[in-house]
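Order of writing sets the chain letters: A, B and C. Residues in each chain are counted from 1.
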Amino acid sequence: MNEVSDQPRRERNVPPIPAMQVPASRRQTSEPHPPEPVLRTENLTIQYGRFAAVKNVTMEVSARRVTAIIGPSGCGKSTLLRAMNRMNDFVTGASVEGRLFYCGEDIYRAGFDPVELRLRIGMVFQKPNPFPKSIFKNVAWGPAINGFRGSIEELVEQALRQAALWDEVKDKLHDSAYALSGGQQQRLCIARAIAMQPDVLLMDEPCSALDPIATARIEDLIDQLKSQYTVVLVTHNMQQAARVSDRTAFMYMGELIEVGDTAVIFTMPGEQRTQDYITGRFG
Amino acid sequence: MTAHFVDLLDDLRRRSLRMASLVEDMLHESCEALLEANAGLARRILERDRDVDTEEVAVEAEVIRLLALYQPVGFDLRLLCTVLKVNNDLERIADCAVNVAERARHLDARALTSLYKDLEQMGPIVKNMLRNAVKAFGEASVDDAQRVFHDEDAVDALYGQIIRRVVADAPASPALVAAFLDALSVAKNLERIADHATNIAEDVVYLCTGKIVRHHSNA
Amino acid sequence: MSVAPGIFVPRLQRRRRIGTAVATMCALLSLIGVLFLGVLLVRIGKEGWESLTPTFLTNFPSVLNPEQAGIKSALWGTLWLTLVTVVVSLPVGVAAAVYLEEFARPGRLRWFIHINISNLAGVPSIVYGILGLAMFVRWLHLGRSVLAGGLTLALLVLPVVIIASREALAGVPKSIRLAAYALGATRWQTVWSHVLPAALPGIMTGVILALSRAIGEAAPLLILGALTYVAFVPSGPMDAFTALPLQIYDWIDRPQPEFHRLAAAGIILLLGILLPMNAVAIGVRAWHQRKKAW
């Protein structure tokens, strides 16, 4: 059932997202466009030792949109992304000033439990990193250790379907995850993340280790996912940001230069530095 | 790759400006041909038009090629779109100039004294509009574009005046009806040229500011 | 085929000849080691082969009658010792490695502990014997028992187990841990579910190699006071014992050549245990190298 079938370039055989039965307790709001931005930073500064990787960044991430963060290498976009689910805690010497709010709560205040935060904010990494276990166990492990009550098999199937991987692996769920190709492994990592039914999905250059066809499939996937999840995507590929995101933020040398609707950023950027970067004059 | 693309963009811009100056010359000469009834000049203009047509096709092909291969964004994208539209307008202007030149072959405008004065007035204003429009395009200058908008009303007024004179005077001199009709055609073409020059100016405003000012009043 | 004339003087023939000469020399030198080992094995084999009979394995050693002597007590003593050593050193060593690698915060203290453990791995085994004598035999009143001997050997191999386990744990890529954390796992859940299982082959290799060292040790057991003439099999951890290396040492020490043949047989037996153990350890390591996908 392909509506957009006048695309001879690549097959459009990605099935539509089946509606997921999300328990009411896991969702804060049920309105389609909640007024409070789901993530918000306020003068956020992150330092590794004496080097300031992120300087005084204030921005918002809207719910159920794809927000892309672009910028040259070393501009701090991955650091900013990792701050959102407190994965910077695992980098030695990282210190954070300023505030980062998730659904109104400052996640860096004393006493806040980062483990619980990561139940709601999932992450997909640059290089696919499935566990050295079977495909099934990869997807099922997260929910299992968090006391999932319900049918694990159904959850695994649902997550794999949402990640557009089910048809390819349904006959070999108990094979090793390492037997899959790079693009399939990355989709498995996405399935693993969304099996936790998070509110927000953080993606750190998810396609940079993949070939163009695998990249295209994952971009299609992100497009479908945004109807249910808030996605924050870091990418160094500007065309990808342009294709996939609704809002784009441009960072340079740790500072947030400009943020706005993607179409506006790419046709009529307000800042000269943004203009120079997107037209390839530097970076 | 980007340095190469920047060079290609510059080349394209220069090419477009060369075509613009060719078209400006055509307009200048066709006005002269009209007012001095110079048939030889008129023939030359017809040849130039062929060059303009070829160039128009070539520029459009180059724009499409750059869009496909380099996927430009931001100012570069707006520039390419502007080149495409200005290209089109210039070719129409050239066609209008050719029409004027063709009328010039048959028309002895001096016979229509009052009309001659109006046409004599209209010519320079339209030429000036085109000059400013091309200057605005070449320098990406909003100020020059604004000057084009100022002259638009004057041209429209003159055109209205010419129509009224034709309607009033033609029935009185039936032998000159052909001449009146030719003069009217010339005026119409000049007014079209002014319109296209205005379009070019509007495109330049879009290029510089990203705002689309067509179909609004340009106060 | 000629290179661009004038700018290079490659002298490829000469370089190839030098390369071949060096490779040949390295091969010869490595063969020397193998050669000596081969000579040793052949000599021992010739000397002890006839004494290696089934009765050799089931008889107790006899001072008076070399034809009837056997190695049963030493064999069982060694097995008991190995059991105690494994039971003690494996959990303690792996737990220490897990703590140092996964939980301790990197800093002065951790580095200090690491340095000390590395040093301990190089301490001569006889020092461990003295330590065992003072601590286990005397202070804890365990006497000259299998337990004391096994604990001493466990102490001896503990640094090796810790270091090998730490390396195995460190060899698990950080990306797997990060993936687990990103799913809302605690540190312990990550270690238990992912890091330990992935490091298991490396840990096993380290433990097997450590054990094979322990089996071959004679000096600390001598200090501990393990008996050299024992005509019974230990029936519990508090019993006295002897071990294969000790029995071999005892037989070599006798003047009669018959005992020397028995010693040679004992050596063959010892090697027959150690070499397969090492082979298994190396095999596990090689299999793991091939199979792991990172």
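Quick notes on this structure:
Please note the rule applied: a contact is a pair of C-beta atoms (placed from the backbone, for glycine too) under 8 Å apart; a residue touches a chain by one contact, two chains touch by 3 or more.
From a predicted model like this one, the values you see are computed outputs, not experimental measurements.
Taken as a contact graph, the chains are arranged in an open line, each linked only to its neighbours along the path. Central chain (C-alpha centroid nearest the global protein C-alpha centroid): A. Per-chain CA centroids place chain A at a distance of 52 Å from chain B. Averaged C-alpha coordinates put the centre of chain A at 48 Å from the centre of chain C. Centroid to centroid, with C-alpha atoms defining each point, chain B and chain C lie 93 Å apart. Those residues of chain A whose C-beta lies close enough to touch chain B in the complex are 238-239, 242, 266-269, 274-275, 278-281.
On the side of chain C, the complex with chain A involves touching residues 106, 173, 175-186, 189, 193-194, 197-198, 292-294. The part of chain B that touches chain A in the complex is made up of residues 1-2, 5-6, 71-78, 210. Residues of chain A touching chain C in their complex: 85, 87, 90, 92, 115-116, 118-119, 122-123, 125, 127, 129-132, 141-142, 145-146, 176, 178, 189, 192-193, 196.
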